[in-house]
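Encoded as structure tokens, here's the structure I'll be asking about.
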Amino acid sequence: MSTLFFVLGFPLLGGAVLALVGHRPYARDINVAFSLGTFVAACVLTAEIIADGPILVWHDQFFIDPLNVFMVTLTAFVGMTTAIFSRPYMRIEQDHGKMTPPRMRLYHSMYQLFSFTMLLGFTTNNLGILWVAMEAATLSTVLLVSVYRTAASLEAAWKYFILCGVGIAQALFGTVLLYMAAEKVLGPHGATLLWTNLDAIKGQLDPSIITLAFAFLLIGYGTKVGMVPLHSWLPDAHAEGPTPVSAVLSGLLLNVAMYALLRCKVLTDGALQNQLAGQLMMGFGLLSVVVATFFISRQKDVKRMFSYSSIEHMGLITFAFGMGGPVANFAGLLHMTVHSLIKSAIFFAVGHATQKAGTQVMSEIRGLIKVNPTIGWGLILGVMAILGMPPFGVFASEFLILTTAMREQPWAAPFLFVSLGVAFASMMIRVLPMVFGETTLKPLAHPPALVPVFVHLGLGLVLGLYIPPYLNAWYVEAARMLGG
Amino acid sequence: MNAWLHPLLWVHLDWVLVVVAGWLLIGVLGVFALRRFRLVAVVLFPAGGLLALLLMGVGISAAFSVPEVAILPIGLPQLPFHLRLDSLSAFFLIVIGGVSAGVSAFAAGYFRQGEGTPPGLICLEYHIFLASMAMVVIADDAYAFMVVWETMAFSSFFLVIANHRIPEIRFAGYLYMLVAHIGALGILLCFGVLQANTGDYTFANMRAQHLSPFWGSVAFVLAVLGFGAKAGILPLHAWLPEAHPAAPSPMSALMSGVMLKMALYGILRVSFDLLQTKIWWWGVMLMAIGLSTALFGVIFSTVQVEMKRLLAYSSIENVGLICAGFGLSLLFSSYGMHALAALALTAALYHLLSHAFFKSLLFCSTGAVLHATGERSLGKLGGLMRYMPWVAWPTLIGVLACAGLPPFGGFIAEWLLLQSFLFTSGLPSSVLNMLVPVMAALIALIAALSGYTMVKYFGVIFLGQPREEKLAGAHDAGPWERAGMLWLMAGCVVLGLFPNQVIALIDPVTHLLVSAGLAKTVAASGWLLVPVSVERASYAPAIFLLGVMFFFALTYLLVRRVYSGRIRRAPAWDCGYPWQDARMQDSAEGFGQPIRQIFEPMFRMKRELPTPFDEQPSYRVTVEDPLWYWLYLPIARLVERISKVIGMLQQGRIAVYLMYSFITLIVVLLVVKQ
Amino acid sequence: MSWLGLLSQLMAIVMALVMAPLLSGWVNQWRARLQNKSAPGLLQPYRVLHKLFNKESVLAEHASALFRMVPYIVFGCMLLASAIIPTLSTDLPLSPAADAIALVGLFALARVFISLAAMDVGTAFGSLGARREMLVGFLAEPALLMVLFCASMISRSTSLTTIVETLAHRELAIYPSLLVAGVAFAMVSLAENARVPVDNPDTHLELTMIHEAMILEYSGRHLALLEWAASLKLFAYSCIGLALFFPWGVAEANAPLALLLALPVLIIKLAIGGVFLALIETLSAKMRIFRVPEFLGTAFLLAVIGLLVNILLGVG
Amino acid sequence: MIKLAPQLINLFATLILMLSFAMISQRRVVSLINLFTIQGAALVAASVLLGYVTNQPDLYVSAALTLVLKVVFIPWMLHRVIRKLNVRWDVDTLINIPTTMLVGIALVIFSFSLALPISRLSTSMAGGSLGIALACVLLAFLMMITRSKAVPQVIGFLSMENGLIFAATTVTNGMPMIVEFGIALDVLVGVLILGVFMFQIREKFDSLDIHNLETLKED
């Protein structure tokens, strides 16, 4: 299947090329070009999937179905817009002397490799390779986070590496157990870890092993999802890395982890025929939502605040998938999509805002709407969107999640109510003075790239008001696949 | 589909959508004309006003016709926007159209250049606000409703902080938005209950569900909480006296005159229409909340020293009264006493309508005063009647209506409400029978107090001598502003003089909600307003007014004919006290002092009394809302404390973080082991 | 409506106009007697009115048009009020236009206007009087309303004529609730008519005056109208009281003889009532203005209690 | 030989577990590295033996990978690092050694009780060693928590990898080849990055004490 080859090939090649010329001024454009290529390839792939259903390629090593193909498109898209955004952003960073040519080279090539690992994780059919991709994604992002070489960024990267490394190790143990269980049914050979095969025979897998396996997989991939209390690495990593990296981290990487977790949940549900996995996920999800919102209410650093909000939303998504059922699953998938769009848009706006102010401390960023209205409006609209203000898409999914929870899990409703209220209160009171009011900021040296911001917000808006039929078909199909 | 091409085939719903679309279009044009101020002022806002008139017409004619439904191809794929225009929606469309027509005209003359947000942008937000309100009342599924509801919230939020340079205004906007959002979450959960696990969010489906008493009560309480937050009922009122003064006056007029009504619409829609079962204590709860809100509002409004805050608190009072009416009607219909339920509901809706008009009129007048003098504090105003008669006289009408005096709209509403309270004997529970007259007494007290407030409002602003020199230069309102205020004033008068026609308009609503109406008895009795029967009670505002007028004219003519009309102008006598100046009139604080004294325990007062040895002795008293200190701040502190505790989790030690993961792993393993 | 109805309506109005000053004169006379003063003539109020009408009226410089309109409005309100109260007969064509609640509204309207007029000139006394008047009003109005409700609960109606008919021409029944209500009504009407112990109609001592403080700036015909309106108000209140608590002798519809009979009965009742009023005023002392809310609050509560008694004893 | 194989494998398993304990109790960084090397060697031996018995060439390959990585390359690199940065002692542990040992014992019991029902189901001849592998993982975890310098933490991380590989080898006779390679690649890259980091941390904070890495927190 040639399209898939391009989807994976572009970023890989891009990584290689940029490893050589990444420090040159035109490297920024090359970066964009490769991301664009990836995106185009992803679109073509999507078209093919829509045309003729799920496909297996390369000795079944790769499997594209509705669940992951739109994840692939989303990843490619956000990857592209982020690349566009990072052109002026990184240029300004270079002018500020925070980036040197060698670091630019590292940044660019790692950026491409990172998107390669994510796409690999999405498309692979082999749970082992999925694990490998996750680990590789961790490694590449560790380098991206530490690219400034400041004390803080080193610390963040170190914590990120150790915590996620350990977490991922648990996931590997889980995978081993999964293999062990599968081996009894399929016998010991290369195809045993293929998700399609496992999915086919999930009913026969040994429950006791699968239970143990899911425990490890949940801890492992949950660490990458950023579930409380495994989240400790997340705010540091988001806050200290370059803003484009923060954008892709919370916009995309968390999705990959969530995707891995979902694949495992499907198997577990099939094998156990009970609600164990769902209940665990609901518990962790709710805990994440509550704790994250209270963290939000005490933030001073803008990027930290939004990374906690990512934890909150991941918790919400986990909760939704935990509830299961067609509506909740639909809502969860929708929420994943819109969250990555809106959150990355917010990070774009925040990036420029912090560059203006020369600091990430919110109390020193004031009156953006006066200096640069587009950034200001982008930020305030983005924040309103992420807080679940209609007609943005986040509201659509939160609407479905809350209303479903109210009747299916009434005990959870008060927690969600309080958490969302607290999140709203604490975010608005910090963002309003940043956007409105008097200011002392000066305009930027280079024109900021705000097209991505408004493209993302626009898409978020559209998803709230009108979900195109084929996209809807994806969602429904994927939701059905997740069962529950 | 073809019908769309032939305007002649359009039904009311189509026309409503046309108006909505027109408003959105105007808004967008406003953005394009961002700096072209004249265009916005003289073309766009008046155009919006005309559309509002059209909407009002549509509403009137739709009130008497059968419900219409439509489906817009937007929204969630399984759940496109369902729209439905029944008599209830029609009634509220009349409110929106009628009021916003006047306010738009006023706004055309009101917005000046260089005040915070550019007029073009205000035009956008303003018309989105109007459109979303029109959509709220015709939305027929939970998702569409929530979307337009929140759109209404945040468009109005941006209007509130139009002048965002001032931190207080920003905070007011923040508070408003926060309470609105909390309320919206409540409504969301309420719909979650109502859809009863069917996953079908259309109102039609919700009507079909028969909930258990428990879930029904949950839904009702959530609805009261959610919509009450927007309506400003106790204890969720705190945003209202902050947001209304902060917003530009036409905005305050719309928020108080129309937006609060949207919340009341929500309460009606959920508790009368969507919920099939009605339980008696719902009504009692609503009544209790409503009356306490009303009493609280009116008492606080008497002691305010800032004109818009005064009006804001008075809005709280009126909303409370309306809620009380709803509660009574709910109580009656829960016992199947439909005629009385209809009476109470009619009273409440009548009050809703007239409040919409007179309150927006009053807010417009504050706007005009604000522009003329730049003063919003009552203590610095006075004597404006001479300088701005075009504002003063309509305001006088509005004040009389707001004080609930005959022959204006406010009085008829209170009259009907008292009637419905009076004829309640026959409720199954004797306790309720005892309770209801007491509530009637409360209502009488509240009405009288609102009279006090209104005398203070009008007297201090427009009568007496100017308390500041600069007031002498106050200019009167411009033509657009006059037009708007006259329109609203006309509304108050009509509502006061032609109750039967208005009740005929309300009748379909009561038939829809409590399956009974007053129209027949009323229509039978010509000029007289007769809710039940002539023996019981009757009131004829027209004759009433004519009577007063007649005697007025008679005495005037007689006196003029018989006696000399000699008049001499001289300095005020004032018991012969020679050195009087404007400072000797009652200040706003002074006028509220008796109420402050009587209801002292309700306030949170700080007094600064001068000592005999002060060089410049000064007296200052600040009255604050105790709920702010008993409810809101404690909650804020609680959140702060919790977040401090939770912050302990993240102390930066990687070993500790690893420990978290480790313990989590162990715990999960233990959990799955069972 | 019958000619007789028109006639009785007309009679009611004319009689109110004529007898109102007479009543206040009567009360003053008796008060003077009881206080061992030499009493003014019974017709003194007429002389005063005549004098005032003939004087030119002096307006304060910055008095607005409202200031000049108010006397006529107030006078009109009071006239309408006394026109809808069934004094002689219950067959009043105007009475369906306004029931008990509307009557209270009418008084409130007059009060609001006169307070506004008082604030209009912008003197210290004016606004002071207005404030105190509104203070009295916001407690007196609900109390009066509750008193009327007591009666209307008995007669299941708020229309004044129906109330009086029920009370007067039903078989005699004792209504304990009316007793309580009666006390409340007495207190309210004392306050409403600016009588001791709440206010003193013939003093200009700034600490105490309420009504006088408001009309301080009026003179000439305006003052005359206001004075006349005041006495009309007193008359109206007395008539309400008589109609509610001593309704005997009020004529029914189409009963010309009863109508003829009604007038002397009314006069006698008024005379007695006036004496009682004078007695109360003599015996009680003027209270501090801060005590007034308590006084009226008591009246309000009494009225509510009357209402509850009504329901407890299951009347009506 | 064949019949002895299970006992031998269990012997290796016990050896690996014992080495994990030794690492927990060990304070000197150098000998920590040596212990790690021995553990890797034991792992290699176990997988070779298993591969010979069940004659699966895959296992030889994974054994070779482990040999190259865990026995030769990583120890060499670590030695070089500590020579460069002259880290000698790992003085303070967060919890003192005896307590750690006790916790370790508890962990072993826990993991055995957890693994017992499952290892019966194992097709592999050495299924019993699942519990031991799990214990190794948890012990390594414990070690990472208790050590307060960067190098021992990394060693703990790597020995956790050992435990995982051991599980993969003995319980399931090795993962699919491609996965094995992927894992090896990740480990290699990871170790390289860690090495680089240690130098950078050293030059920023001029010590490898991770107490320096506690600035990012909720204040």
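Brief remarks follow.
Which chain is which? They are A, B, C and D, in the order written, and residues in each are numbered from 1.
We take it that a contact is a pair of C-beta atoms (placed from the backbone, for glycine too) under 8 Å apart; a residue touches a chain by one contact, two chains touch by 3 or more.
These figures come from a predicted structure and were not determined experimentally.
With contact taken as defined at the outset, chain B and chain D are each touched by A.
No other two chains have as many C-beta pairs in contact as B-C.
Look at where the CA atoms of chain A average out and do the same for chain C: the two points lie 79 Å apart. Chain C and chain D have CA centres that are 101 Å apart. Remark: chain B and chain C have CA centroids separated by 36 Å (rounded to whole angstrom).
Chain A and chain B have Cα centroids lying 44 Å from one another. Multi-chain contact residues, meaning those touching two or more other chains, occur in chain A at positions 158-159, 162, 166, 170, 212, 235, 295, 298.
Multi-chain contact residues of chain C (touching two or more other chains) are absent.
Shared interface positions of chain B, i.e. residues touching 2 or more other chains, are given as 647, 649-650, 654, 658, 661, 665, 669. Every pair of chains meeting the contact definition is listed here: A-B, A-D, B-C, B-D.
The part of chain B that touches chain C in the complex is made up of residues 382-383, 385-386, 396, 400, 403-406, 411, 414-415, 418-419, 422-423, 425, 430, 433-434, 437-438, 440-441, 444-445, 447-449, 451-452, 454-456, 458-460, 463-465, 528, 534-540, 543-544, 547-552, 555-556, 559, 562-564, 566-575, 577, 580, 582, 584-586, 590-591, 593-595, 597-598.
Put simply, chain C touches chain B in their complex at residues 53-54, 56-64, 66, 72-73, 75-77, 79-80, 83, 94, 96-99, 101-102, 105-106, 108-109, 111-112, 115-116, 119-128, 130-132, 134-135, 137-139, 141-142, 145-146, 149, 152-153, 156-159, 162, 204, 206, 216-217, 220-221, 225, 290, 293, 300, 303-304, 307-308, 311-312, 316.
Every residue of chain B that touches chain A in the complex is listed here, in rising order: 73-77, 142-143, 146-147, 150-151, 153-154, 161, 164-165, 167, 170, 173-174, 177-178, 181-182, 185-186, 188-189, 191-193, 195-197, 199, 201, 639-640, 642-644, 646-647, 649-650, 654, 657-658, 660-661, 664-665, 668-669, 671-672. Interface residues of chain B facing chain D in the complex, by the touch rule stated above, are 647-655, 658-659, 661-662, 665-666, 669, 673. The touching residues of chain D, when paired with chain B in their complex, are 94, 110, 114, 138, 141-142, 144-148, 153, 210, 213-218.
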